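Letters are used for the chains, namely A, B, C, D and E, taken in the order the chains are written, and counting of residues starts over at 1 for each.
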Amino acid sequence: MANISTLNTTGAGFDTVAADVSGPRGRRPKRVLSRRNIILYGVLSVAALYYLLPLYVMVVTSLKGMPEIRMGNIFSPPMEITFEPWVKAWAEACTGLNCDGLSRGFWNSVQILVPSVVVSIFVASVSGYSLANWRFKGSELFFSILIIGAFIPYQVMIYPVVIALRELGVYGTLTGLVIVHTIFGMPILTLLFRNYFASLPVELFKAARIDGAGFWQIYLRIMLPMSLPIFVVAMILQVTGIWNDFLFGVVFTRPDTYPMTVQLNNIVNSVQGVKEYNVNMAATLLTGAVPLIVYFVSGRLFVRGIAAGAVKG
Amino acid sequence: TDLEVTHWWTSGGEAAAVAELAKAFNASGNNWVDGAIAGSGSTARPIMISRITGGDPMGATQFNHGRQAQELVEAGLMRDLTEVAEKGNWKEVIKPASLLDSCTIDGKIYCAPINIHSWQWLWLSNAAFEQAGVPVPKDWHEFVAAAPKLREAGIQPLALGGQAWQSGGLFDTLVLALGGKEVYESVYVDKDADVAAGPEMAKVFEAAAQAREMAAGSNVQDWNQATNLVITGKAGGQVMGDWAQGEFQIAGQVAGEDYSCLPGLGISPYIATGGDAFYFPVLDDEEKSKAQDVLAETMLDPKTQVAFNLKKGSLPVRGDVDLASVNDCMKKGLDIVAKGNALTSTDQALSADSQKQKEDLMTEFFSSTSLSPEDAQKRFADIISSAD
Amino acid sequence: MTNSVSIRDLSLSFGAVNVLRNLDLEVRNGEFLVLLGSSGCGKSTLLNCIAGLLEPTDGQIFIKGKNVTWEEPKDRGIGMVFQSYALYPQMTVEKNLSFGLRVAGVPKDDIDRRIARASEILQIEPLLKRKPAELSGGQRQRVAIGRALVRDVDVFLFDEPLSNLDAKLRSELRVEIKRLHHSLKNTMIYVTHDQIEALTLADRIAIMKSGVIQQLDDPMTIYNRPVNLFVAGFIGSPSMNFLHGELVEEGGKTVFKAHDVSFPLDGYEAANPPVAGRKVVLGLRPEHIHVDSDLPGIEKHEAVVDLEEPMGADNLLWLKHAGHTMSVRIGGAKRYAPGTQLQLSFDMELASLFDAETEERI
Amino acid sequence: MTNSVSIRDLSLSFGAVNVLRNLDLEVRNGEFLVLLGSSGCGKSTLLNCIAGLLEPTDGQIFIKGKNVTWEEPKDRGIGMVFQSYALYPQMTVEKNLSFGLRVAGVPKDDIDRRIARASEILQIEPLLKRKPAELSGGQRQRVAIGRALVRDVDVFLFDEPLSNLDAKLRSELRVEIKRLHHSLKNTMIYVTHDQIEALTLADRIAIMKSGVIQQLDDPMTIYNRPVNLFVAGFIGSPSMNFLHGELVEEGGKTVFKAHDVSFPLDGYEAANPPVAGRKVVLGLRPEHIHVDSDLPGIEKHEAVVDLEEPMGADNLLWLKHAGHTMSVRIGGAKRYAPGTQLQLSFDMELASLFDAETEERI
Amino acid sequence: MTGHAPAKRPNQLFRNLNSKIASIPMILIAMGIFLGGSLWTILYSFTNSKLLPRLSFVGLDQYERLWNTSRWIVSIQNLAIYGILSLIFSLVIGFLLAALMDQKIRFENAFRTIFLYPFALSFIVTGLVWQWILNPEFGIQGIVRSLGFENFTFDPLYNPDIVIYGILIAGLWQGTGLVMCLMLAGLRGIDEDIWKAARVDGIPMWRTYLFVVIPMMRPVFITTLVIIASGIVKVYDLVVAQTSGGPGNASEVPAKYVYDYMFQAQNLGQGFAASTMMLLTVAIIIIPWAYLEFGGKKRG
């Protein structure tokens, strides 16, 4: 009685197909170089080339000396690798009278970046949480205005913002700059957070309310721990956005607190006769390093977070 | 005391000149905090204005001499320098007097002019003409005539950077050189739209069309890159203000030997002088205000004037300084100023708005042959008629 | 006996949609009340109103005699268990249980005591250190119940707590919840759309349809004496068989007549004396139709088997009888092939009769 | 009779996980075969292999005698219906039905004819112009079946087609699918984890556990003569009652003894003669235990009611009997309060006996 | 129990008080900056403010002048060309890449990082690099010519007719990675069974993508559209870094016009008028969409 199934199954139809037993069996054999694979990886590789080309050019150029650049073509690898452009970009390049390269701007940027990222993400996440879970009359209206705000060019808003900050008395301070970054990061971040929080089960929120948790307790103890992916997305967006920002950095700071991008602009745009392309490229790479590293480290979470937050509506 | 000074002097010659200013100011026991913003006035100006109107002004800031800062002064945001000026007897020493006039509003002086610039210079590369086998031109007409030869030799006849103000400057130079003083003044100073639409100006536009052909193919953006084409002999010539002088100097070239300069394009005895000036926003801090005064004084100090202008390639604003060490080109300029042949620059004559409109028109004109000289002149006349 | 939860004239609308309409409901102390209704009829909405998670548009809610209409959920003395469990995913089971208490600032040793008690009752002691993701569906549901349990509340609210579980687990947990109620004796309000759950668990069942309670009674009454066609059709699986016909006088007695077949109404307890000539609907439950039985004195009807659905313990026959299809439930042992001829007899005492127009029970 | 689908020695693994292990299965022509098993046992995987949506690691698949192991899904002569319906959401019902045909280049009038036929069979003519979002769950499911129907295939594959529907709809559509099979007479392979569906629909049921078929038989055999403990426990709701004990000699007969209570094995048909001294498990279905019956000559056992679950047509009693809990199904009319003393008698002919170690039926 | 006085409905203002307090920054930003700032801008667009905002009204003068300015017209045309092409190409390329990435390929992480990294770089950097690669002397054109193809011409940044495409190349390089990510997330969200159903129906992969999957990804496309579109309207840095609007004014864009006239020409009124036109365009496109997406459907 042990194997009733096997006894049963080899019944009636066996002989009709017995001759066929030698036919196809198991996995269909696949060639590694099938047409599909060639097209698939071919297209991907060509695309990858297009995306990598500029990076390659930047790296290669930054390692060449000026004479080689003037003669050779931009795609050829350096005949003689020199790190001097990097040193120069980091520590020696001049703008006006200051000849300490990007190094000064780096720390300024960090000092701007950290509070701006933290504050803007905090404000946006709390707003998104309010919008998703604690709607009140008019909240959707404010949100719609925010979303429309995402389309307004920053240049248009500079004047009103300057006036607003002046009235607040924080113009030219770090606080002012943090406020500016918070304002302009608000629309997209709020949209992300709102969608993300709305996609979390409402029951969790209800359960927490019944457990007696209030607005902040639910935010801090229930929502926050569940929202890593979306916070990663927000963090990446803000780090890249704020780090790469030039306009606000220059309008809302002073020379001794200029962020790295202003220094970069100064190096790149201060032409002493011939453009020092190698130094420019080194400076560019140095400036882009922080967001690039953030990307390489948390890129996988980025996609997950996008899937969780951006795509649902 | 620390004093932050913003400016957009970041090219080689300019930076060296600024260093002289800073040295002189630091010698007075203060500290020059450099706030250079690279690019050009168009990048830097909004930042300066935002900061001044935002209530976080710098200690001093460069502005083009002229009408640009007028509203800031009227809004009471700029420091009154009348006392300093009187002490330094600026009214007497500053030549031409029009420079100080444009700093003067309601009888009070609000800025310190630091140099004289003039646009009307043609810079020529001797090497380039040698290579093309033509003598170095003596005026614009010869230059135009030599252009085909230069092309044949693979040399760009006229170097012109892509920034809008360069096209505008080139055109104004042509107006003064080819149209003459009367046309220049009736168009820009009196804003006479009839003259602007008239036959004299039509000739200028014809010449501009020629210049457009000569400039075709110069793929550079910045003015000093264009100058560099001349320095290296890749281009025959460039129409650029006297500040180009600084670049030649840094490159170690000698006027008359390596390069030639033709004020008024070698045709007109006149040049239009404008210049840079420093404004000093009103500050709350007593100490800083004092330092501002010191800086203003330092800027007009004869020694500083010489040191600065030598590096910058511009002319000093004082007629009483000894310029034994100046080179060939600067001497030519000084002579013209001394003769009183200095006219008002378009920066002073036109509002920034009209300037910008004119620049937009010219950059469009110089970059694309699809805009005919006739159409361009029509639009030019419109701008002049509505100019203020 | 005081009522545990009283709902007075409650209305709720989302925009233009009236989800609840002037609803009154009294839940007795210690009662197990089940809200039963099809999807979208407003059960969850009502439960959320009681819990304070939704604000009613109008009306009042009393819990233990206190007007709590505008109270915060936590101040109402209720605990709630959700269909999706709604456990805090990043906390251990223990943390999940204690969260509410910690928020309320209950002393540490009190918390421990309560958790110990709840986890003993629910037999989840070994799970206390795990996170929800490491639990099976049934265990999660138990923890969710535990979360209400530790809070020592007067009223338990359950919103379809078993819907996400598979059939086997569902029937097991059903028994557990019933045991829990027996031992705790708290008031419990339980929402479901599964009638088996409703019938097995409830002291009383409230059957809802588009925001209105149709019948509120104990399970036997609901099953055997539904007040209207909706309730009759809703309860029972497979559904009650409905025969459309009319009442006629036949031999001095009022009988039900449909498709030329007449059913004497002997034994039927009418609420109002049936009037001949009225269009009515006769409802007969599949298990109240007997096949080939030899009960004497009862009229027999001919029918043909159309389809047979063996379900193990029982066997469901779909019959063709005088022009309509009828389902009949018989024991699991007997089998009938499609096409078989049968004799039917009907249990009229257990039948229901409804007015065809008002759909009310006669 | 030729077999419609034959599976030979099929294995499939995802990486290191062996989901299917050397599985053999023959499905007869026109047969309705149900694959039943708990979640994750590999039912869908097997179905996907048959459909050609997954490539087996080893083994062969024949459909209508043709080796299709390496064929594309569309060339296998199969149609498939998914749990989530998988309708193309932006196309009308008609487009949904015709999409595959249009792509295959079937002539226009042929398409129309097939759609007309399918929609008539499934009664979805009025829905043809609607989009899936405008359909109810049951209607969607019908359209999904229609999509397989128009393709005129030999074999229908269903992957839990009713799981997403509510109980009422489920039981209605169940009957419809059964009717469909009666009228089409195609081979159908139907995956479910709902045993009621399996029992009512199947000609034969294959019960799976971790990728291995445990028993393949007709529903009555599976229900009444499960081959091992797993099958016995899996089928039937509420579950079969299991009593752990051993076989002893008593008065010349082998009897089952547990907790000092002995059950004579009169009438039990053992596959192998039972040997005294063996540890065994006795399985009794709830409906095979009789309460207070007056059947003569059968030993009576005392029991106490622990809990009662009225389910309308039946009543489920949870009893305490000699140290273990037992469920008993009785008619819906009789009620027993908890604590009531009862007399039980057992239908040993319908009982099952399993070896405690191998868990196989004795 | 009727003896109990009915509890009073609490003041609506204090309902969800914490939420309202927490939303104050959002409200301030929305109303104060975005709405207030826009209204302020619109108001001053009717004045002849120069360097500083002044309330001396001149009616529609600024608008008249704006629409008579060839540079503005060119800017609008450029934005339209850039916007439409950029939308189409980012969606097409982004989707194609995502579809390829979705084929269970090896090295998925590597490819994704490669496609996405440009997004981490600023427009300034992007503009600079591409300006260089597209430079006719030592960029692609120079290289190809030095290989012997003397007549090869590829100088988009110096040819007024195609300069906007040169900017597009750089813009796409920077932005398609994000689009790819969004699309990939969307594709991963498609029910597996749909694919299976299509295979059983014998529908080729490309048709499944075209007729089944893409229509199902409507929400993803909308989100992507918002993100791309908001970037397009704002495009400024890229142009400045690559061409400064040149050659001539061939690559001018509205945002740059606004900026130049506000700060360089010191004609705030003109800048504000141009801003207002941009705002108006945005509003015409966005408000109906925002209403449908967020206003229409109520809480879930």
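Simple rule for what comes next: a residue touches a chain if its C-beta (ideal position, glycine included) is under 8 Å from a C-beta of that chain, and two chains touch if they have at least 3 such contacts.
This one's a predicted model, so the numbers in the text were calculated from it and none came from an experiment.
A.B. asks: Counting one step per pair of touching chains, how far is chain C from chain B at the shortest?
C.D. replies: 2
A.B. asks: Sort the chain pairs by how many C-beta pairs are in contact and tell me the top one.
C.D. replies: A-E
A.B. asks: If you average the CA atoms of chain B and of chain D, how many Å lie between those two points?
C.D. replies: 92
A.B. asks: Counting only Cα atoms for the centres, state how far chain C is from chain E in Å.
C.D. replies: Chain centres of chain C and chain E, defined by C-alpha means, are spaced 54 Å apart.
A.B. asks: How far is the middle of chain A from the middle of chain E, if each middle is the mean of its Cα atoms, in Å?
C.D. replies: About 16 Å separates the centre of chain A from that of chain E.
A.B. asks: Chain E: which residues touch two or more other chains?
C.D. replies: Residues 259, 262 of chain E each touch two or more of the other chains.
A.B. asks: For chain B, what residues touch not just one other chain but two or more?
C.D. replies: 46, 53
A.B. asks: Taking the complex as given, what residues does chain D use to touch chain C?
C.D. replies: Interface residues on the chain D side: 38-39, 166-168, 171, 174-175, 178-179, 182, 193-196, 199-200, 219-220, 223, 235-239, 285-287, 307, 309-313, 316, 318, 329, 332, 335, 338.
A.B. asks: Hey, which residues of chain C end up touching chain A in the complex?
C.D. replies: That would be residues 48, 51-53, 72-74, 78-80, 82-90, 99-100, 103-104, 147, 151 of chain C.
A.B. asks: Help me check something: in the complex, which residues belonging to chain D touch chain A?
C.D. replies: 1-3, 6, 8, 24-26, 28, 55-60, 62, 65-67, 69-70, 206, 212-217, 227, 271-272, 360-361
A.B. asks: Give the list of chain A residues in touch with chain E in this complex.
C.D. replies: 40-41, 43-44, 47-48, 50-55, 57-58, 73-75, 123, 126-127, 129-131, 134-137, 139-140, 142-161, 164, 182-183, 186-188, 190, 198, 202, 214-216, 240, 243-247, 261, 264-265, 268, 277, 280-281, 284, 287-288, 291-292, 294-296, 299-300, 302-303, 306-307, 310-313
A.B. asks: Quick check: in the complex, which residue numbers of chain E touch chain A?
C.D. replies: Listed in rising order, the residues are 12, 15-16, 18-20, 22-23, 25-27, 29-38, 40-41, 53, 96-97, 100-101, 103, 105, 109, 111-126, 128-130, 132-133, 138-139, 142-143, 146, 173, 177, 181-182, 184-186, 188-189, 219-220, 222-223, 226-227, 229-230, 233-234, 236-237, 254-255, 258-259, 262, 268, 275, 278-279, 282-283, 286-287, 290-291, 293-295, 299-300.
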